Every structure is written in structure tokens, then in C-alpha cells.
């Protein structure tokens, strides 16, 4: 179970491979990668700044990870989220799960993303062609989190 | 949209990273990796042989990929499945999806795995401590495929 | 002519991976072909299994699938890839 | 003493990222503190937004959360990470 909040870039592929880590009890690995897009809600995006709440961020992610580990039989769970300045095409977040069978790995990974989107204190400020703007929360994210 | 059925080993991390492929319209990537476990249904597994139906395998995977592409707005979909001899800890299958938003990527990836498990002509023969045995289909896989 | 393939556990039980049968109007549906093979007795009883899957011309189908001269048919146990 | 933090759009609108307020029995619940800040008028109206989120001692909570002397409180707009 690992939680990382960092300014540094990371390699999603290396994160995915590390979830197996020579554990021959792992039958299924699921990895999610969120990337900065060049377009969002009607405007071109030239990059963004990710603000967070130091101290609370790690606690909030830890609580989400604990809840996932209670709900599903996970052998590994990794959450990695970047903060600070990001350019289009850069990975923002990685969530990876490993379990004996696939359903737990799929569900736990989707659950962590839905909860992270609605409960972890991160805020995106995008640079658009019409100046900077704060991204507003989406109702669809609230709805997704209520599924669980 | 890519379908590969191959004897050769592959690198799941490289497959995951390739799904983004400098496409800045991609906001979400989901990768699933199935690994050979060292234990299955009560017996230790020392390795397995994956038999398939040459010709039909590619067609069946192509149909599953087409159906996923019709149901969800995917920017990429890759299915890679190994055949022949595999050892515990080796990746058997990779399914990767890329889309603008995460829900399509998650659902399409889970859908492809559920359909692959029940509709693609692969059969596993495991080497166990008590000799070789053919793996039998699981009711839970049939149930998972009926969700969609 | 009907080309018939057997895979995995069925292939091993029958000791044959494929065969060709002369076309017959009696093979109106895939189940007619299956019953013809079952009638061989012995190991061919595997084709009576409840979980038997089949394909016509490399597409999954049901036992009520109509057959035509030249078809490629396959019988196999539940698939277990992934 | 109550430590209050503001984040993202609220921090920018208010021009302040944190402040300390002397403890008062009037701050029985988090909403009492919020109304006290709203009463400052002007830009502080952002704390009246329907989607406002808040945390007490770095845990998400509701506006009916009871407060205690020494608490760390935060107000922020809907989170948008991931």
C-alpha cells in the first residue's frame, strides 16, 4: 500500500510493472493513468497548475486506500499524484491494484479514482487561450462516487 | 485498435505507455494485465500451456474489440494474448484502453476481459503437482459477461 | 464436405484434432452433426457435455445453427483464456 | 485559537491563504464560523457558495461539525484532482 504526492514526473509503465513485483500469487493487475489533455470544457489548455492541501492530501488518500483494502482482497494498491506545474500529455495520476482475480482489481481501481476525484484536496488551474481558470467539479464525478 | 496473439513474451509497462502515444486528447488510460499464478483451484501450478484456435482467435478478439469501440468513445484499444508455454509470474494477457474520460476506459477494459474470458477460443492446461489438467470454465466468468 | 475441428480436452479425449466428413442432407443443423458423432460411442460421449461450445466458420454459434456443404465446424469445452 | 485555511479559487478571491481567529464560544459549529466570515461582506461572499467544501483537522466534514479551541479548519471549492 503506497501513497505518493510529488512534483516529479513518473513513468506509468514502470509503476504498472512494479505491481506484480515477482509475487506469483498476483493473477490480475489494473492500472489507471490520468493525463493532462490539451482541451477541456470548450477551451484549449496549454498546461495547468495543481494546488493541494499539504498534510490533508496524504491523509485523504490514505483513508481512500484503507477503505479499498477493506472492501476488496488486494495484494497491492498504489496511488501516485503529481502537484505543481504540468504540461499537456503529462501523466497526473496513477492508481494501480493487484489481486488474485480481476474483478477486485478492476473495482478497487475505479473506486479509488472516483473517491480521489471527490474527496482528495487537489485543485486544477488551467492555462487556456482566454487566460487561467479554475476547473470546476463535475456532477458526473459526484454521481460516480455515489455508486460505491 | 490492435489485436496480437503471440508466443513471445511482452512488457506490460511498455504496452501501457504506448496507449497514450503523444495523443494529447487522451485523458484516461486503463491497462489490465493477467499473470500466471503459482496456485489455482487448490493445486500448485508449475506452468501452463495455452492452446488456441488459429484463425478464429483473431476473429473473435476482433469482434470483441469492434463491439467495445461501438459501445464506448475509445481513442485506443489494444488486446495482446500469449499462446504456448508460460511459467508462473509471466504475463498472459494485456488489454489497454484510452479515452478522453475515465469511465469509458474502465468499462471498455472490463468488458473486453469479460468477453475474452467467455468468447475467445483459448484453453489453459496447467502443470500441477498431481500432473497436467485442463482448466475448467468458471461460472463467475459467465456471470461477469452477462453484465454487459 | 464438412471440416470438423476438436480442441483442448476434447481433442485429447478423442485423439484427433480434425477430420473431414462427406456432406449429407442429414446435417441440416449443427446438432444433427453432433448426434452423428456421438453415435460413434466410447470417447465420443464428450460431445454430449452440457458445457460444450461450438463454432461454425470460426464464429461461436448454438446447436441449432444451420449447416451448409463446405462449412468449418469446431467443438470445444468452455474457453479459459485471459 | 482557530486556524483557518483557504484554498484554490477561494484563496485567490480572498487574497489570503490562512489566518488565525481567537477562540469564541460562538463558534459552536463550523457553520457559525462560516457565518462570522461571511459577515465581513465583499469577497467573503464566496463562502456562501452552494458547493463549498470544508475540513476540520484535515478531514472532510459537514457544516454542522462541532468545533473546539485549537482546531484547523479549511474552506475550499469542489476538489478537481485526478
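Letters A, B, C and D mark the chains as written, and numbering starts fresh at 1 in each.
Note that a contact is a pair of C-beta atoms (placed from the backbone, for glycine too) under 8 Å apart; a residue touches a chain by one contact, two chains touch by 3 or more.
In UniProt terms, the chains line up like this: A, B = Molybdopterin synthase catalytic subunit; C, D = Molybdopterin synthase sulfur carrier subunit.
In this text the structure is predicted, and so the values were computed from the model without any measurement.
Following the contact convention of this document, A is the list of chains adjacent to both chain B and chain D.
Chain centres here are means of the Cα atoms, and by that rule the chain farthest away from chain B is D.
Averaged C-alpha coordinates give centres for chain A and chain C that are 48 Å from one another. Averaging Cα coordinates per chain places chain A and chain D 26 Å apart.
The geometric centre of chain A is 23 Å away from that of chain B, both derived from CA atoms. In chain A, the residues touching two or more other chains are 34, 102, 113. Residue positions of chain D touching 2 or more other chains: 82. Each chain pair that touches appears in this list: A-B, A-D, B-C.
Across the complex, chain C is touched by residues 34, 50-53, 55-56, 59-60, 63, 81, 92-93, 113, 116-125, 134-137 of chain B.
Across the interface of their complex, chain B is touched by residues 5, 7-9, 12, 51, 55, 58-60, 74, 76-82 of chain C.
Contacts from chain A toward chain B in the complex involve residues 11-17, 20, 22, 24-39, 88-89, 91, 100, 102-103, 105-106, 109-110, 113, 140, 144.
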